[in-house]
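The next part holds the structures, each set out as structure tokens.
Okay, so chain A shows up in both of these, paired with chain B first and chain C after.
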Partner chain A sequence: MDRNKIGKWLRSPGKMGQKYSLHALYFCTGCGIIEIPPTITARWDAERFGVIPVATPRQANLFLVTGYVSLKTLRPIIRSYEQMPEPKYMVGFGSCPINGGMYWDSYNTIKHLDKYIAVDGWIAGCMPRPEAVFVAVTHLWTLIDKGMADGYKRYRENYRYYRENQEKILGKLEWPPLFSNV
Partner chain B sequence: MTTILEIILIIFTAIIVGLFFLGLSRKVIARIHWRYGPPIVQPVIDIIKLFNQTGVSHGTLFNFGIIFSLAGSVVVLLFLPLGKICPLSSSGGLLVILYLMLIAPLGLALSGGEAANPNASIGISRKFLLAMGYEVPLLLIFLAVMTHYNTISIVEIVNKQIRTGWSFQHIPLLLSGIAYILILPAIIGLRPFEMIQAPQEISSGPMTEYGGKFLALTTIQHAFNVFIGISLFVNLFLGGAENPGYFFLKMLGVFIIFLFVNAVFPRLRIEQAIRYLWKWPTLLAFAGLIIVMITS
Partner chain C sequence: MNDTAKSLKENLLSSFDDIQAEITDEQRLTILCKDDSVIPVLNFLNSSGYDHLALISCVDWIKDNELEVVYILNAYTEDREKGKMNILVKTKIAREKPELQTVTNIFENAEPYERELHELFGIHFKGHPGLTPLFLEREYEIPPFRKDFDTRKYVQEVFNGIPFVEDKKGKNERT
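And now, the complex of A and B:
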């Protein structure tokens, strides 16, 4: 820990804690997950940034959507995201969640992830290297510092929009709405 | 008045030392993996973060169980001498500690069971099976120590060790000491016996449904648990200490040795663990008890 960060720690311990302890949900949606094992193990060691994978959404506050999102995986993604405690950060990993990538004309993958879930940031590339994950993490720190990583707030405010989009593509959802503003 | 001050002091020392041990374990294991590892205060950062998150409660028993297990751990702490400091030295002793040590897993089981997650149920059943596994040799070890020193008071045992040398230097207690070394990883939940949490197979077991401040409280409880297991070993077999600093140094040495075991061993299955715990440590502890009864 830097000595010149002590002032920041005293002023806003919650924000600094959220910065330096990002617990990533270990949930693979597609091929991008192949870059995560080298990132968290001995070669690149994400733990020195405080990023560790956890097993359940209740303990996580960082969600990496790794790779293309098929209609079948969109459902557990939404459920996992809604189970995570706030504040939570959602990062799209790879080209496919951004605009479909190489699945741009596929019939059963979604093209724009941010229509269904509030996304805080993107890592472009097919595949992004593990270094790109660290660039994303440091960028997420800046966003948290400036209060711009507000995806969970946007999700709560525009929940009607997101829920409508989810129902449009998935049909009837079998779980009740998370917030009451539907 | 001094008793209240001592109680507060002991609780805070246990939290700080326990969290330091958790951070140290992550750092040491990272160095063994040839990684750089997180900063040593990482558990404290995690706890600060967790207290600033929203937590989802799953019912009254869910909240109550965590408090129950924390309270159980705190009460055990008050019976353990830290150097010379022991607020409840005049009452109870090893027998009370043996009873109270069951409260912490019971509280976590109540709380995790309320969440009604299948992974949590598997974790809780494993936790109780493991507790059943190590309580048998632990009871035999306690009996041997109590018979050898002819007292049930843990403060008395520490004083006698300060006069006559560590328990390991008393030949009759050697087998009991070795048996305690064999079951210590099971008590503090280190790697050969880490099947309770097992993130890869049952998604962190009883902790599955904990988030936010509930997870922070269970982390603190885990820190207490590590502290209790090691300080009991240091008090019974490594001679306790005159002052707390020397006591923590001994605890640190013991913990680092078990971290090395933790870093290189894979996880046992629960029935392998029970088979092991009821075979070698129990046999050694039983032989130790017989030797102590013959010699005393």
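And now, the complex of A and C:
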């Protein structure tokens, strides 16, 4: 272990634990998922950064939305995000979740993911290289250190507004509200 | 131009009198027919070996006020010339209340294609077992693949009409 980090470990062991054990849920939307297999396997080896893919949302705390989000995929994205235990971090991968990207005038693709879900960070690019995932992960570490990766807190506080937006675009949602402040 | 296409064209023209057949490219035979003779033509092609429906597609000719439905057929066969052939059966129907007879009783795999055309172009297929939505989540006034569907206006109204959560929160706190 790095000797300089001992102080940090002693001051806030919880944060350090969260930082170095990111269990990622790679949500296979769109074309971005093609970058993920080389990222998690031998070529780029995401486990160097403590990022490991897990099977279900209930074991994950990092959510990568890779690529465009159509209306039909928005529904499982919301459901998976709500199933994840806190603290959870949401990262949009590629330019399509940011502002629609090349689907900016599509009739069936949502344009801004952060209108429906609290997002902690973005990786811009079409497509981002696997290295960009690691840049994002190291940036997420600093955000966690400073307490700025607070997407899950924002989601809980403003759940009413998020739920309103979700119902506006998807119609009636078939699952009950996650928090009681609706 | 090969013999398979030529003989098939002659066969078709001799058995149907209200169709036009044309060899438009190497290994491509285009058949234009009226909407009520689609089923007999497809039946004929099916029995003469072209038993694989690859795709049902649609073109919106907005100036002619017509929708053109295209059935693309291939053959599963050991005969190489025949196996390379693409048969295009085209028919034109009116844009207002477009209706066609279903072909699911000839080619079973037509079912999802017809559902797709139903939701994207608004074509009603008579006799289809279940014309439920296939891909889309929302209801659209004009089917979205028609040429008069204005995607930019739709995006402005629906997607850009939804406010950011931060803006919304700020507004509520001020009032």
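Some points to look at:
The rule is simple: the second predicted complex is superposed on the first by the 182 of 182 C-alpha atoms of A that agree within 3 Å, B and C clash if a C-alpha of one lies under 4 Å from a C-alpha of the other, contacts with A are read in each partner's own complex, and residues count from 1 in each chain.
We adopt the following convention: a contact is a pair of C-beta atoms (placed from the backbone, for glycine too) under 8 Å apart; a residue touches a chain by one contact, two chains touch by 3 or more.
Keep in mind that this is a model prediction, so the values were computed, not measured.
In the superposed model, A:A42 makes contact with chain B only, not with chain C.
Using the contact criterion defined above for the overlaid structures, shared-chain residue A:N158 touches chain C, although it does not reach chain B. In the superposition on chain A, A:K115 contacts chain C only, with no contact to chain B. Within the superposed three-chain model, A:L170 lies in touch with chain C and out of touch with chain B [touch as defined at top].
Shared-chain residue A:Y107: touches chain C; no touch with chain B. Overlaid on A, the two complexes show chain B and chain C touching no common residue of chain A. Partner chain B is touched in their complex by these residues of chain A: 1, 13-14, 16-18, 20-21, 23, 41-42, 45, 47-48, 50, 52, 54-56, 58-59, 61, 83-87.
Note for the complex: chain A touches chain C at residues 71-72, 75, 100, 104-108, 110-112, 114-115, 118, 154, 158, 161-162, 164-165, 168-171.
Note for the complex: chain B touches chain A at residues 26, 30, 33-39, 41-42, 45-46, 48-56, 199-200, 203-204, 207-212, 215. Those residues of chain C whose C-beta lies close enough to touch chain A in the complex are 135-138, 140, 144, 149, 151-152, 154-155, 158-160, 162-165, 168-169.
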